[in-house]
């Protein structure tokens, strides 16, 4: 039986046309969707992020030219489908994420996760910490996500995840860098507290004056030889390049810079990746989903380069 | 101080340009938004329903011709704003709804509520039952919303509210009519159970063959002299007329029929109204929000007619 | 030289691919655009009505089956282009319309006009009355457009045109019928005054209970042997079928009914036609423009049938 | 291994969540996409029809209430994926369709096909005729599709398929009914020739005056005891209900009528179905795709009813 | 009475949730909308600019990090609502603007104005000149807006305002800088005349080669110690970042540069601000309105910094 | 007879309002549309490119400031309309393109062509080579378009055109430069083969590190004194600036860079230009079409500068 559907407009939309299965077996990488959007403070819709990023992945022809690697050939990749989420209850959703992703990690596959909103990263960090211990984290975002409470007095939301993660000891704060932070905040404390908690905050202004190369060098210096988890909130990119998101912040990275930033992580010991906050109802012409699928492809290529020993 | 902004494209968008205040005082009617969309099984976005319906209400010139009444002149209407919702926790949201709406009802104002998804009706029924006892209910919808569980094992969602309400004794099942039910269901039990629970289910096929007039006569026969709560799920209307919703079902009412159905409730003892499931990210040209604001205007006009003793 | 561009997606978009010229000569019909949208009380954008209706006309294959006529073969039709409008000054715009359209009428061509908002009909009526004397008028609309003042104290707007026309003696009020009137009004006086001014107002409710056939019979009875001008405000159609308009009113005609209503004018002495209030920025998938181009095609076919003596 | 993804917003989008495979084996029904849009005379984009209809099918909860059947339980349904199409060459595409669909039919599965434009029906008729002999055909459409040539002198296009089919002896013209025909045509010959070729043409005007019931009775009378193929061009439905199509014709069926028309084929010996001309780039809020998935669900339910001997 | 609606998706949309009132009293800043779009030469729709910018302002969390100030805490800000505009008559609209804004200025509040098209700036300059004398002006735009006539022979339009302002002595031409000018013009005279009138024209090419820092230094050198009015036409930003505008010019500033340009005015004696030409019907995902609300927030922050003596 | 329609929102949409004719006579430049979209591997819709670029050209006020020329005054420009294309047959379409464009070139007019997809460039190169001999080519694109086969075994598509052109001897490979190449490819061979075939491939990474100036210098060095054909695939621009295209690749040029790149060709012996892959159904707010019309205006201005001997 063959399924020859090579043209992008044809066929069933798994990520990169990889097989949809829950047999992890000897898979190197599992693509996992988490269609949860109840944690957002503004526009919902990220529940359709996984579906549309898979669809956009039809345009990934397979070979990464700058990295000289064809990741789908080097790695065994499966499309796990989506974690079972409970829109009305974030805590039960967290349990499902930890449990399902934890089971995948136990079989030594690396996960590439598509959100969903950024509240989904906390249980992902829990699952990865369980396996790897406290994690170095590269956190691309326009917001620090280190509020203590949101929606009144709630501890879990897309604005509190990284504070919780630090409190729970999931992050090695000696190697935790936020990149792209900007925009109006709720008060002077927002950035102050992020830094107090241990984050190295590279604001957008700093990133623009340092340049992408210097930002990456700093990340490498800080992270090398550590287990590095990468969390990419698409709203670190400017809304012109990524309109399909819930809390857009103007004045962000271009898509070219975003690609450089992910590709520039080459050489780090990368153990997990999430790409969150893609909200298709607010996208147009699928440009946000296409960007997201390309950023995931860059990360996948880094895993392949690493496996190849390139 | 005057705020003369009579042209529809001008000014601040409260419902019908009524004052935004939380002083209920001697208000007859309070417009209340419940921007909660975590209870939906498909497309989110109803959190923006209240905002867009308010905006659409700018086109309501004020006088209802068929009912010969100018409701904003007859009634003191305020725009309460929105109930505080907690997207990550439906139970806390229910508490807030019961508490806030309950307080309004205690001051003898009638509420007209804009959802949000249909999970928000349950706490509204609780608040109204607290004041009025078990309620006669006219329930416009394409789905019976009488599932026992959704999202796995969750008791609260936009598909379970009316079963819960019946179990909790909020509805007088001798006077509970569903109108417009149609579309694929999860099994033969869906309709069967709705009827077992006591609902009179008028399917779309029945409504079309009976005609709007006969449907209304049946409702009047069943409801007269009772306290009647009206819950209007916009997806009872066909997606051509109401595309902006989360779980569209083709083959529904036209906007003309929808107007007739609400207006035709004249003469009943109407004590509450919600209009739910308007999802603006999926609307176009605001036609769903405009329809919703007109349906609310019809209900408001019925209250005015009643107050006038017309 | 030939311009063989028969496929709808090809070529320059004049109405029905008729020649763009201002030489009226022996033309039977001149298509005229009036891209003026400053007269609207809500959403602007009708300035792009003529352009998009022309584009939509590419789908008119040429032969009218129910009327058994190919109007572009029977009639010499030209596309005049657009009247020069002055968005900042409605009075100067009126002068231009009267002057340009008056000049066309003097050469005995019939005009088919695409608005623009409904404020443009007043100068059209002036130009036609100059040639034909007071006019019988069939006025399709959801609003009576007989306010005395709008925008504070302005006499000219899209809501006042027909009052002005009656005051100026342009309309033979013994043969003036409004069809489709509905929706909230500014007060009880709105309809009352329309009737006081002489209009026969057939509300939407009446049209629905009478049926299209009876409405048409009444029109024929009233108009026969008179010079009949037809003004078609697209918002008489329901927003599901015509979302691209400025002040949508739910509960209107279907597209099928709209076609019947225009086609059913066969046999009247038709001397002019305008189709107004198509606002392309609010359209989707061009369905409003396509409907508008078909309605104009029906009117054009009636002129052809008349010329043929069918 | 289980793939428990029951919520509509979750998971991989095969039709009705049925398995994606090319092992026909003992399948009763194969869902087949034909993403070919080079045959259209106006708006392309139907190449994304199969993908979006699959996505819309997530909302099909599984049980057909009016037909009292759960087709996915009664029938073994697979999602074959898409036929390999060659956008630059319609003839090679036809060969692929005939060959791939022919192979499925040989294994005694019934196909339900999603186009693509209507040019794809000709090779489908060829494949079915090969198995069943000349076919009775119920053809829902706004256009007769019986032109001799299109695009200059081309024999194959979305406007010529049914003439070719008749010429090739694929259709039993004693049982060939077109339903919904309307709109401007290229000349008086269009309808005349369709009838000369043997089609019973029920125009939209006739369908509206006869009513859906009478239309269906006529179809049953003509088709009973024959092998019936159903070709459903979504543009037979009004653009208000089905905006996402390439050559919209105003004045069409409502979605309610469309559902009745397919469901009303119950009792015929149905051997094949295609649903064509859904063009997602022109859809909004997915209403056209949702309608299409429901129409296919109705047809599938008819097959299940038949298998059940209901 | 409290109105606790802190989540961006909730509540009534005044700018930054500041009170809607026309009691200026001791207000420091009044937010004023001017929903006038009759002055535009191409796409209308800016009449909805004020409404959508207010809505977008829900995302302004309140604290400006780079300027280390929380402007809504430092300043008393009110949302005045919209000036009464007359779409059919630009001159009367000008009178209303002058009169209403003049009255606000008399009470020593600073206005931040949202257009509407750029024709609205002329009466704003008149009102400010009345209070402050001839004004230094920083004018961000892609067009010089110094035509003598538009729409034939009209003196007032969105293309003529700054010529009129200079002729009327409203601008101190020794301190008048245009920034971002580019794109096709009507002739060589366009730029020549702008310079003859006294404008320092920094074209986009010059701004790109000089860099934002050098542009700002020049502005400071020229403006320091003068009363500075800032007029920001959103079309100075590239359409990728600001698609929602009437006459887009490609090749413009990024959103990051735009933020820098406004923030970089710190230290000047800023006495007024308008942000014009945001046309929501052409926006998507609200990115233009969000940018506009952020630019206004930057200006507001500058006022706060100044009041703080920072 | 005059056609005074100078406002952008008015009138018939030929390119730059130039006359629509097929009398080439003494025309310097013919604007030609090729609405063919069957050659694309992903999203169709470019068949509407010519129509929308013409419409967008209404905003070209006529004078090019950086080049100090008014091209419509210097050159006699006509709008030829569209070449007759056959969507179902790429080879016949190629014959028509060669034949129609060849006839224009024989009359010594330069063509500026709007696609359609990039498969249309091959016959354009054939026609130009027939007149000028092998051509120097500046090829702006994100893809090399030098595959050997696409859609299985097809030699002609939008991904194979430049390989075919080289094989046919149409291109002088000593002067063939590709600019902007990036994104995932089908394998390592893609770029390798492009270079083997003789292309100088300047990838996006190289262009970004070299800068636009250096890229242009290299082009000038290589091309000077040769006959230069320019083929501009709009997808070389980033999807933020040009979303309306079929196979978007993130990480591309800004609109400002794109303008510089075309304008920077000044001084070369330019003999032909095509601008392809603009797909309006995927555009928003017309920003892609507006960019395309400006790029064509830059090229036209270069022709005018050359004629002027500037």
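We just call them A, B, C, D, E and F in the order they show up, numbering each chain from 1.
The rule we apply is simple: a contact is a pair of C-beta atoms (placed from the backbone, for glycine too) under 8 Å apart; a residue touches a chain by one contact, two chains touch by 3 or more.
Here the structure is a predicted model, which means the values were calculated and not measured.
Student: Report which of A-F and B-E is connected by more C-beta pairs in contact.
Tutor: Result of the comparison of A-F and B-E: A-F.
Student: Based on mean C-alpha positions, I'd like to know which chain lies farthest from chain B.
Tutor: Of all chains, F has its centre farthest from that of chain B.
Student: Report back the single chain whose CA centre is most distant from the CA centre of chain D.
Tutor: Measuring from the centre of chain D, the most distant chain centre belongs to E.
Student: Regarding the chain C and chain F pair, does the interface count as same (over half of residue numbers shared) or different (under half shared)?
Tutor: Comparing the two copies, chain C and chain F contact each other through largely the same residue numbers, since over half are shared.
Student: Can you give the whole-Å distance between the Cα centres of chain B and chain D?
Tutor: Whole-Å distance between the two chain centres: 37.
Student: Using Cα averages as centroids, what's the distance between chain C and chain E in whole Å?
Tutor: One centre to the other, that is 39 Å.
Student: What parts of chain C, by residue number, touch at least two of the other chains?
Tutor: 7, 9, 43, 47-48, 84-85, 151, 238, 240-241, 254, 282, 284
Student: Which of line, ring, star, complete or other matches the graph of chains that touch?
Tutor: Here the contact pattern is something else, fitting no line, ring, star or complete shape.
Student: What are all the touching pairs of chains?
Tutor: Going through each pair of chains, those in contact are A-B, A-D, A-E, A-F, B-C, B-D, B-E, C-D, C-E, C-F, D-F, E-F.
Student: So in the complex, which bits of chain C are touching chain B?
Tutor: So the residues of chain C in touch with chain B come to 41-43, 151, 182-188, 190-191, 203-205, 208, 238-241, 243-244, 247-248, 250-252, 254, 282-284.
Student: How about chain E: which of its residues touch chain B in the complex?
Tutor: 1-5, 7, 9-14, 20-23, 33, 35, 47-48, 51, 54-55, 79, 81-82, 84-85
Student: For the complex, which residues does chain C have touching chain D?
Tutor: Interface residues on the chain C side: 7-9, 58-66, 68, 70, 238, 240-241, 254-256, 258-259, 284-287, 290-291, 294, 297.
Student: Going by the contact rule set out above, which residues of chain B touch chain A in the complex?
Tutor: Touching chain A from chain B are residues 37-40, 43-45, 47-48, 84-90, 119, 151-152, 154, 156-157, 281-282.
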